[in-house]
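Read from first to last, the chains carry the letters A, B, C, D, E and F; within each, the first residue is number 1.
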């Protein structure tokens, strides 16, 4: 179970409820996943983390699906079980198909492979790549 | 310098040249970056790695730009200097603007942050996320 | 279950028991956690690891609580489930409050974020930071 | 050089200058390090990152020196060259002595070692550690 | 459960069965582990990954046991639970004894420790090590 | 330069010189690489780290070359520049040929790839792999 436990909506302070409400409204959902309920023990971090994510994941130069794919790619690279589970769900909600998931993981796997090949061979950066 | 040195086109075997030629043709470019020149000491790995990348990075359910963004996201997560430099270049070639780069890094940074928050708080996976 | 199984006190050799005894005495506890029982299959590594930890975690220029917080920070960064669980317990025993845990994780999360932002933007080290 | 270049104070917009000013005031310094100058190409990320760091690194349940030590511990674990250099400087400014640095790194090294031993031996979490 | 589920032999396409058959023949076994059944949703990745592994893990300048030990060392470093479990089994099949496992993990732990000590102390590469 | 500088033999205390002497004798060499000179500011860590490495890297169930290959594999996985450079040199001294290096890196790259594929697909551990 989460180290500090999970704070349910019914037991939450007004400050925490305000964040929960904003999460549900923004995501057009009627529930809160455990990540936020665990963070709720630290309302300042709960609010800051949510506001940062809301800002970062909003449509911009990159669309929301692309951002979710990147989030999942990072989570798989870091072997974060919770994040892979939750962001697989959110990526699917944003439009990720099974075929996209498979291609995404192929890229993630390959990048992790060549990252080590270039480090292991001590390859120096080409002058053309230096900005 | 790369551990085993770099093999230039002029000094390459026919087998290595064939891969170099395919890289240049596929990428519509007239040069080979150091990564491949370093791998060329092991022609089997050179060929297998190139053919895997060519297959994986081809347009499919995900477009080439999205794949390059994911590649760069993984490389930044892994702190791979060579890969960040080379895939920044290839992502730009695939259409990444400065605004996209900035948004990409914001997502990568945030994902790396929340990956540790969920692990550090020992958050358990929600039943709804279990497939 | 641990790959090589767990060696309980009753089944341990004199050499292993000596380490177990020292762990319990030093930590003022009456039980041994699974990590040591798993390592006990390799008495040399058991002894070396314990002696290193006892030396490193002793009060010095840094107090034991600070050291436990750092240990937990590293474990969360590495996504090590066992280590997060065990060092959350030992940090609490050393005095970590819930508020400290929350602030610790906020720092760990932020550091993991900016680590990727500086790598992703390829920021070069300021001359003033070069020693 | 940083991918998008560095934005000096003289060339910065009013929005960016406001962040730079706040950094210098908060840190009681008269210069801005490259990390912020690189982020300045994305004023929203510049502002959000700075405000998060200012909030997180402020004194609270943990003192500023402890937070800087944790930041450096994470950066060393992640092998982030820029972050190690910059946070060694900021930790020293917060009071880190050479002896503290040495003890910090000893803990970081040990934690990284035992993180792999527990994973490699597939040690299961003790019931007592389950919250 | 695996995100896309597992494809059993009885339900597999001819293309997937061909890979399954080759895995069982090459490994002299009569079953397929979950990793391949999960990948089977993407037959191109299934085939490419299997063919790469078969090529890479074949005896060459390094013998199969050494290769399995290295695979396990990487998996422990990355904290990949599935990979540690599966490659512990395959390393044992290739001849890894309990004593070898213990020595392997001791090396893996130590390397992870000194990797952070050299980064944390910002040690510069000796001229003699530059190729 | 290393954070705390490098301590040369001529400037070292008797305690540090004793470790330097043992390193040179054990490794049959007449020089000390920067890693040890950087650690020498903390004689306790210098001694403990050296004695651990000497014990761990000695011939046992695994031969010294295999151990050096594993050390290099971990270092490449962690993207540790200093460690890759220094352990490439020590692995060569222990007998690593160019062909072995190439095969080693192929295994390291592949393991890093499949580590992410199994995590990304959320593959569950087979019952047969549970010990």
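What we mean here is this: a contact is a pair of C-beta atoms (placed from the backbone, for glycine too) under 8 Å apart; a residue touches a chain by one contact, two chains touch by 3 or more.
Bear in mind the structure is a predicted one, so any value in this text is a computation, not a measurement.
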Ordered by label, the neighbours common to subunit B and subunit F are A, C, D, E
Sharing over half of the contact pairs with B-F by residue number is what counts; pick that pair out of A-D, B-C or B-D.
B-D
What is the chain whose Cα centre is as far as it gets from that of subunit F?
A
Among the chains here, which has the CA centroid at the largest distance from subunit C's centroid?
B
Same or different: at the subunit A/subunit D interface, is the fraction of residue numbers used by both copies above or below half?
same
The chain pair with the larger count of contacting C-beta pairs, comparing C-F against A-F, is A-F
If you average the CA atoms of subunit A and of subunit C, how far apart do the two points sit, in angstrom?
27
Could you tell me the distance, in whole angstrom, between the mean C-alpha positions of subunit C and subunit D?
20
Multi-chain contacts only, two chains or more: what residues does subunit D have there?
1-4, 45, 49, 52, 77-81, 85, 88, 99, 102-106, 108-110, 112-115, 117, 119-122, 130-131
Chains as vertices, touching pairs as edges: which of line, ring, star, complete or other describes this one?
complete
So, in the complex, the side of subunit B touching subunit A is made of residues 1-4, 31, 33-35, 38-39, 45, 49, 52-53, 56-57, 60-62, 66-67, 69-71, 73-75, 77-78, 80-83, 85-89, 97, 99-100, 102-104, 106-108, 110-115, 117-126, 128-131
Could you pull out which subunit E residues touch subunit C in their complex?
79, 88, 98-99, 101-103, 105-106, 109, 122
Which of the residues in subunit F come into contact with subunit D in the complex?
3-4, 41-42, 45, 49, 78-80, 131
Which residues of subunit D touch subunit E in their complex?
72, 76-77, 79, 81, 84-85, 88, 104-105, 108-110, 112-117, 119-122
Using the touch definition from the top, list the residues of subunit D that touch subunit A in their complex.
1-3, 5, 44, 48, 52, 55, 130-131
